[in-house]
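Both complexes shown next keep chain A, but they swap its partner, so chain B is in the first and chain C is in the second.
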Partner chain A sequence: MNKATESTLTIDGRTVAIEGEQNLLELVRKANIDLPTFCYHSELSVYGACRLCLVQVEGRGISGACSTPPEPGLKVLTTTPEIREIRKIAVELLLANHDQSCPTCSRSANCQLQSLAQRLGIKKVRFKSVHQPVPLDESSPSLVRDPNKCVLCGDCVRMCSEIQGIGAIDFSHRGHEVMVQPAFGKPLGEVECVNCGQCASVCPTGALTIKSEVDKVWELIADKAKTVIVQIAPAVRVGLGECFGLKPGEITTGRIVAALKHLGFNQVYDTSFAADLTVIEEGTEFLERKTQGGTLPMFTSCCPGWVKYTEQYFPELLPNLSTCRSPQAMFGSLVKAMLPDQMKIERKDLKVVAIMPCTAKKFEAQRPEMGVDGDPDVDYVLTTQELAHMIQSAGIMFDTLQPESFDMPFGFYTGAGVIFGNSGGVMEAVLRYAAEKATGQRLEQVDFQQVRGDSGLREATITVNGSELKLAVVHGLRNARVVAEQVRAGKSRYDLIEVMACPGGCIGGAGQPVSTTRDTRALRTKGLYHADKMLQLHKSQDNVFITECYAKFLGDIGGEKAHHLLHTTYQSRRRIADESLALMQSENEDKLKVSVCLGTNCFLKGSQEVLNGVLRHGEQSGMEGKLDVRAGFCFEKCESGPTVMIGGEHIPNCNAAKAIEEIDRRIENDEPAGTCNGHSCNHCGK
Partner chain B sequence: MAPEEICKLITDSGLRGRGGGGFPTGRKWDAARVQNSTKKYVICNGDEGDPGAFMNRSVMEGNPHSVIEGLMIAARAIGASETLIYVRAEYPLAVERVRRAVADAEGEGILGKNVFGTGLSLKCEVMEGAGAFVCGEETAMIASIEGQRGMPRPKPPFPAQSGLWGKPTIINNVETLAHVSRILKVGAEVFKSIGTKDSPGTKTFALTGHVANTGLVEVPFGTTLREIVLNIGGGITDDAGKIWKTGFKAVQIGGPSGGCLTEEHLDLPLAYESLRAVGAMVGSGGLVAMNQGTCMVSIARFFMEFTQRESCGKCVLCREGTNQLLALLDDVIEGRADAGTLELLEKLGHAVQVGSLCGLGKTAPNPVLSTLRYFRKEYEEHIFEKRCRTGRCKALLSPGINEVKCKGCGLCIKACPTGAITGEKKKPHHIDAELCIKCGACATACKIHAVEGI
Partner chain C sequence: MAALPIAVDGAEKFENVCRILSRFGRRPSGLIPILQAIQHEYKYLPEEVLTFVATSLDVPPARVFGVATFYAHFALEPKGRHVIRICDGTACHVKQSLPVLNALRAKLGTSEKNKTTLDMMFTLETVACLGACGLAPVVVIDEQVYGQVTPERALGLVEDIKAAEMLMATAGAIATEQPAGEECHE
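And now, the complex of A and B:
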């Protein structure tokens, strides 16, 4: 116990030193009292909504510990009969407005509401249920939003806006009708959510959960006509153990392989192999850009959350994004191109499952460009959590499994591939390649400590071959925004920027077991660096199977085949493409498509009158059946508005007379749709 | 006058916030004055939202310049160069008048770039509220002005330390600011000579309900309820509006978050402390008089429904607690309550009062707790006797026909809209409780008052 001094206060009669804590809650927890909270996260702003951390301060009454600054001499009581009763009432109130289908809830095992009810000894809810069921939102490829389980702590809202800088969800309505949802009640799958899932990782209940693909994978494994191969991402090996009582950061690679073989996967591979491949491609791309005057700075493109974020908010920076696919995507693309021939099976019978620490990877796998003729390169993505469920469901005793090794060749990897899971890992791995490549000399000291660490934005300058490389490593998309804005403004001094959406990088991904505190993250990070240390090879270029892969299959690094299989293109998502309102529709296939922009700029310039004129003309001239008239949102041609698209052609500075003239001309000449369908073609300019 | 002098004068005058809390205005200003910041704000809270209260509206419509003057003095006192008047959007005339007054003041060189030729600038913006009652709470108002959802945040930090855009900010009610220029003119002593020791000055109440004269009443603090309701208000009336000498039952003071007072409080001098001691508050000054025909449980429910609907939904105790308080009151009113209901109402009411995040939640249970305190008997009648003495709680009615009185005239049969009454001519009639909708048509139709219990 501390001695009472000028910078101490008492908590439940025991003296506690104030050592820079921001609030009483931190102090109380330091004093080994686990004051319950729903809405307090040290990395988010103080919210003060759950009212569970109430404490009594002598002379001041009862207030939230989270929002009370520590002051010397305070006498704090954490559990008086009055506070106990209020706390119980608060939890009972939540339970009375909660969908209590707990046994079937995916968070049943680690639900804070449930454990709190137990802790506080709530045997009966004194209030009657006021819960009104609302439908689930399953529109997102990555997440399920179940408002029936929401306790409105706002953790997800603050995570999305404060750490990720997005704000895809927020509170709506008032009183007991309040709920957390995307703007205008839209489905999560249709808004600016980047699928990072950090909202789900801070959700104390089952209101935001990972969209499970476990059942589909069970089906796949049972299908004897299919060859099912699985890849596991680097970060999974330091996270999965937590679901089985092991310490965060404990490396369980061998046991994961054994478990996956137990589950019935035909081949078990490592995404780290593809990470090595990414290093070679991305490193080469970077050196080319650097030496041949390409677009710099170059951003890494491994993180699907970051990629979608760039497409949405910084489409002008898409040329800065490395064209390399992510390791997951490279893996899928490569094996589906190589293995069918080798195994003498058809591509459709080869199925790829990826085990990822990430929810956004589910979205990435579904991107149309990550597949061939509609057959995805990666069929299903399971998160670390989902794999744990499969292992538990199969009854496999994970902690006592005998380790097994990966299959070859895609199970062979270097330490450079493994550290991909850490923030700064991709940067370090690329440096290990680029430094050697640029100098032509063997790199002995492979650790680049300058790019390691926990800070959200880290900078480093490295001199290679006499020239300076300015580097930045960012995690958390809000931090990324700062850097991206610098680049957009032409004020960035970096050459290469690594961005990971999740705090800490992939090891802090939302697919990992819940409890992403700073401590857990640090242990996982350490685990991956340790895994690197334990390997004989630390540089991707030393991976003999990669070399063999290029020699026998891919051809040149960055060559045509490599480009086709390992690189990709991006699209601007600044506008919601299908956001248009049909006003005059036609079943006729040869209809002439007319789309009038009603965005603010065009509207102010009179596009509403153009639209009215076109509609009136259509009706009066009996053109129903020949015309398809829509009110569009924005074609990004604001400077020459009002913008009207007729048969795919952009009519700048349009007015009603001009539009009608063009419509009449086309109908007369029987010249309906152009190559574009008008409203959705924002890019080609036609 | 120097800023310190203004703050001292206002502190000496004992002026307290007229918006509800009654916090000493001078102390609030001083807290902002001592902050070291190049930017400070003064906000005038004109988001009056209590049902039936309109004293701020009358000031904003009738004398907007008094508010602007107060704002300017406050700005000078704390060293602010920007002020803002947040007016309830549902007061279009107030918005218009305040806007015009600001424009006029700017035109005269009173506001704007060069105030009174001193070279000092003072900006005054007028902003319309977003329609939420909770935006009257200062931190929620700041969020609303910043374009956020109007939700309160925990204090500290207090707005005087970190308010609008993170800068020291004071928020004063319209009526408070309207007092300021008078105080500067007449001095603290004159101001203090009116009202009580702890609550100097006058306060405007919005008197409504079962009284002969309704409207705004400005009286010195310390005036008794009797004076306001029975004398100025002209006495209690019945539902038809006629004076009902013995009709006084209660007043709800302080708006939806206030409390109910009874006959025993008629001679209580109205002031901040005296009202708090009896479980009520000055609030913004709403005063609803109620006659003997008023069901106090229903009244508690009315106010509870209002605060429930207007809760921003942020903190658990207010959002869920007010909803459950409402459900418990419904149980009482609709005959489902039992002995446990009263205990739960009290425990939950206390938890919401103590544990809520902001003033709205902390005061939301007041109508329930104060009616429980002073009209417990009525609650007990509802619960144990399944009876509402005023007949307002329909679910508790059990209409029946007194067989001795009934002459079997059949008038009630004709009047009944659901065919619930049967009986042979000249023999006592009977009401089928299953079919009866308790509309009371039979009782109105019966000339000899044979229908009872409704």
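And now, the complex of A and C:
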């Protein structure tokens, strides 16, 4: 009784209990009033910029509900004539400067600006536009930036820096010139963006959208000379239904298969098959590393966002990354190696389309190493949203479709492959394999509840065969950075670390239907565990078609052929393209070109001293006319830093004395720039 | 706008940048004073130097760019040898600062978008208020303040500078950079 009077307030005259809510907005929404917002996102910091969640608090005037902490006894009004007018003006002002090409906008169906204008009854925009149109940024393989549709809510900026720890985009300029863009106004495809697309999944309008490849896939299906096969990732089956009015987490596998066949794909397969293959290869790799003293901890490598992140930020940890390709890539590589012979067609006439919950998979499919002689293993990647568009555009009534089954053999999968879509799923699937392999005994209890959950950084210890395995499961790259820094500092206690860039794992991927909240994610997660439960087989090693695949085609697990087709290599990668700083320039054509890397890694290893030493030496010995000294920001040779390029030659593990010696030798022997023998060299310009 | 060659003279400036970064302990909280000191060194903020600052402070380059573009004080493009600032605050505006601006733009061939002359001799900018409203309209050339400026007087001041530059050039002392005020204030 006491408690009730102490911790309640009134909202529009109704008493509401305060139960640990962080702000008035949460309380108002709990009281079944959907206050509009652009810039509020429960998992991001409070920004308070959009001024839509305004409420009147008695005695205090009008304030933003998102940034007002609840206090007992407050009297809150959510809809007064004044507040309605302010809200209306705010939305009108946004509309005035908005590119209103709504019917052709890919977010037309779920644009918050559009729905708010409707809700607030805006019939006419009273303000004149001062907006100058700017070009679209289509440089990224995964995303399209349309600044003309940005409402400056900053959700994308906070998502990228707070959840992913990257900060590839940020506000720039001031006043009415403010815009959200990458550093120096560069295109998104040339900066440190890892293509996770989480910015697009929180964008309330069409300012950040998925780069659609739907038209290319329509063309492909219509081309009778091509055999088009399609693979569906695990997470798609619990997300696609949301686009057709079904509940999040509802398993729609059979209907997806039916829809894909209806659309005209020749064969419909499941990426979960390749996930089973990944489990076997990755589990074997892990056991080998563990028993033979390989590099530990081992990081999973299924997530393309995480892989690019490691290449950019932790190049020295690349040996820790499993060499296994992702299930998408294994699938493409395997089918393009196996099927052309069986089907008696040429490789170039076999096309693979992947349906993924992920925008970064588009980037992965374009990596040159994921293909043969320029022919990609996976030709196109469609996100869950893009598949929904295709189904809608074909007029297929998805919710009432009769389920159909996958084609064989690549449509056969175990529960281990399905749970890949959940954070912790790869870890659990690998454990189901590794525990059985390590003990040689049949594993009866297949659920590893220890690695399941919602927290962004979970750890577990599991005893297998008397020895302890220390595990970590991470989602969100900011959390991954914490773990990776421990590894870099040599302080990591783990043996195996699963990393997924997106919140909740692939089920929370940016390719999934928008408006992802924690509740939606939880339902999708449950859906995938449920899908596992309903299958007869839960361990990848029980997949008979996988066994057959090794016996008839791949050979040994982790063997030469398997390695060639199912594993890959990584490269250190610069974050921002084309940045170098000229420090000593000469008009002389024959000058000796010296570049010193000042990227993070080389910098930490002392490249700045090398650079200063070289510059001082150049000045003191009067070589100014003969030298062209530049500082670069990552030459992608981080493992052997500090990296110095002299006359096109890479000098690994360089120090000032070594560099000066080489410069003197070349100047003395009059051996300037040209030791680059023909092949393209970015550093000497030859 | 064509990319202009970075005005860099060797090791000295780069060492100064490193010194500036060290002076602020390479802490992200020191970003604004670091950028100020670097602008003092280079006369503007070259993109490559900003990338280096971002790397050194472990701050995303986009954030550094955001800060650098937020403040009117920071310039991301090289400025001319002489910077002319015309006050267009309320008092100066009322006292006819606009004709002064237009006259100078016509003479120098600059515009709102291209503020620097092609020969890199002048940069013409407007400022919101210099706090010298009693002297309105006010023009500041380099560090010198001129009050109650008319279009004719402004053009005369520009002519004076041009003449002085010519004299220096013919005297053989090629005016590359102002020699004074270059040292980094340690």
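The criterion applied here is as follows: the second predicted complex is superposed on the first by the 571 of 686 C-alpha atoms of A that agree within 3 Å, B and C clash if a C-alpha of one lies under 4 Å from a C-alpha of the other, contacts with A are read in each partner's own complex, and residues count from 1 in each chain.
Here is the rule we go by: a contact is a pair of C-beta atoms (placed from the backbone, for glycine too) under 8 Å apart; a residue touches a chain by one contact, two chains touch by 3 or more.
If you're wondering where the values come from, they're calculated on a predicted model, not measured in any experiment.
**Student:** Tell me which partner A:L611 touches in the superposition: chain B (first), chain C (second), both or neither.
**Tutor:** second
**Student:** When the two structures are overlaid on chain A, which partner does A:A631 contact: first (chain B), second (chain C), both, or neither?
**Tutor:** Once the two structures are laid over each other on A, A:A631 reaches chain C alone.
**Student:** Given the touch rule stated above, what does A:S67 touch, chain B (first), chain C (second), both, or neither?
**Tutor:** Once the two structures are laid over each other on A, A:S67 reaches chain B alone.
**Student:** Could you say whether A:F171 touches chain B, chain C, both of them, or neither, answering first, second, both or neither?
**Tutor:** In the superposition, A:F171 contacts both chain B and chain C.
**Student:** Quick check on the superposed pair: does A:Q312 touch chain B, chain C, both, or neither? Answer first, second, both or neither.
**Tutor:** After superposition on chain A, A:Q312 lies in contact with neither partner.
**Student:** Using the superposition on chain A described above, determine whether A:S7 touches chain B (first), chain C (second), both, or neither.
**Tutor:** neither
**Student:** After overlaying the two complexes on chain A, where does the chain B footprint on chain A coincide with the chain C footprint?
**Tutor:** Overlap of chain B and chain C footprints on chain A: residues 170-171, 173-174.
**Student:** Could you list, by residue number, the parts of chain C that touch chain A in their complex?
**Tutor:** 5-6, 8, 10-11, 14-15, 18, 46-52, 54-56, 58-66, 69-72
**Student:** Could you list, by residue number, the parts of chain B that touch chain A in their complex?
**Tutor:** Listed in rising order, the residues of chain B that touch chain A are 132, 134, 149, 151, 153-156, 308-317, 319-324, 327, 340, 344, 347-348, 351, 354-357.
**Student:** Please name which positions on chain A make contact with chain B in the complex.
**Tutor:** 46-51, 54, 61-62, 64, 66-69, 82, 85-86, 89-90, 93-94, 96-97, 126-128, 130, 151-152, 154, 170-171, 173-178
**Student:** Mind pulling up the chain A residues that touch chain C in the complex?
**Tutor:** Touch residues, chain A against chain C: 161, 166-174, 181-185, 191-192, 575-576, 579-585, 598-600, 603, 608, 611-612, 615-616, 618-619, 624, 631, 633.
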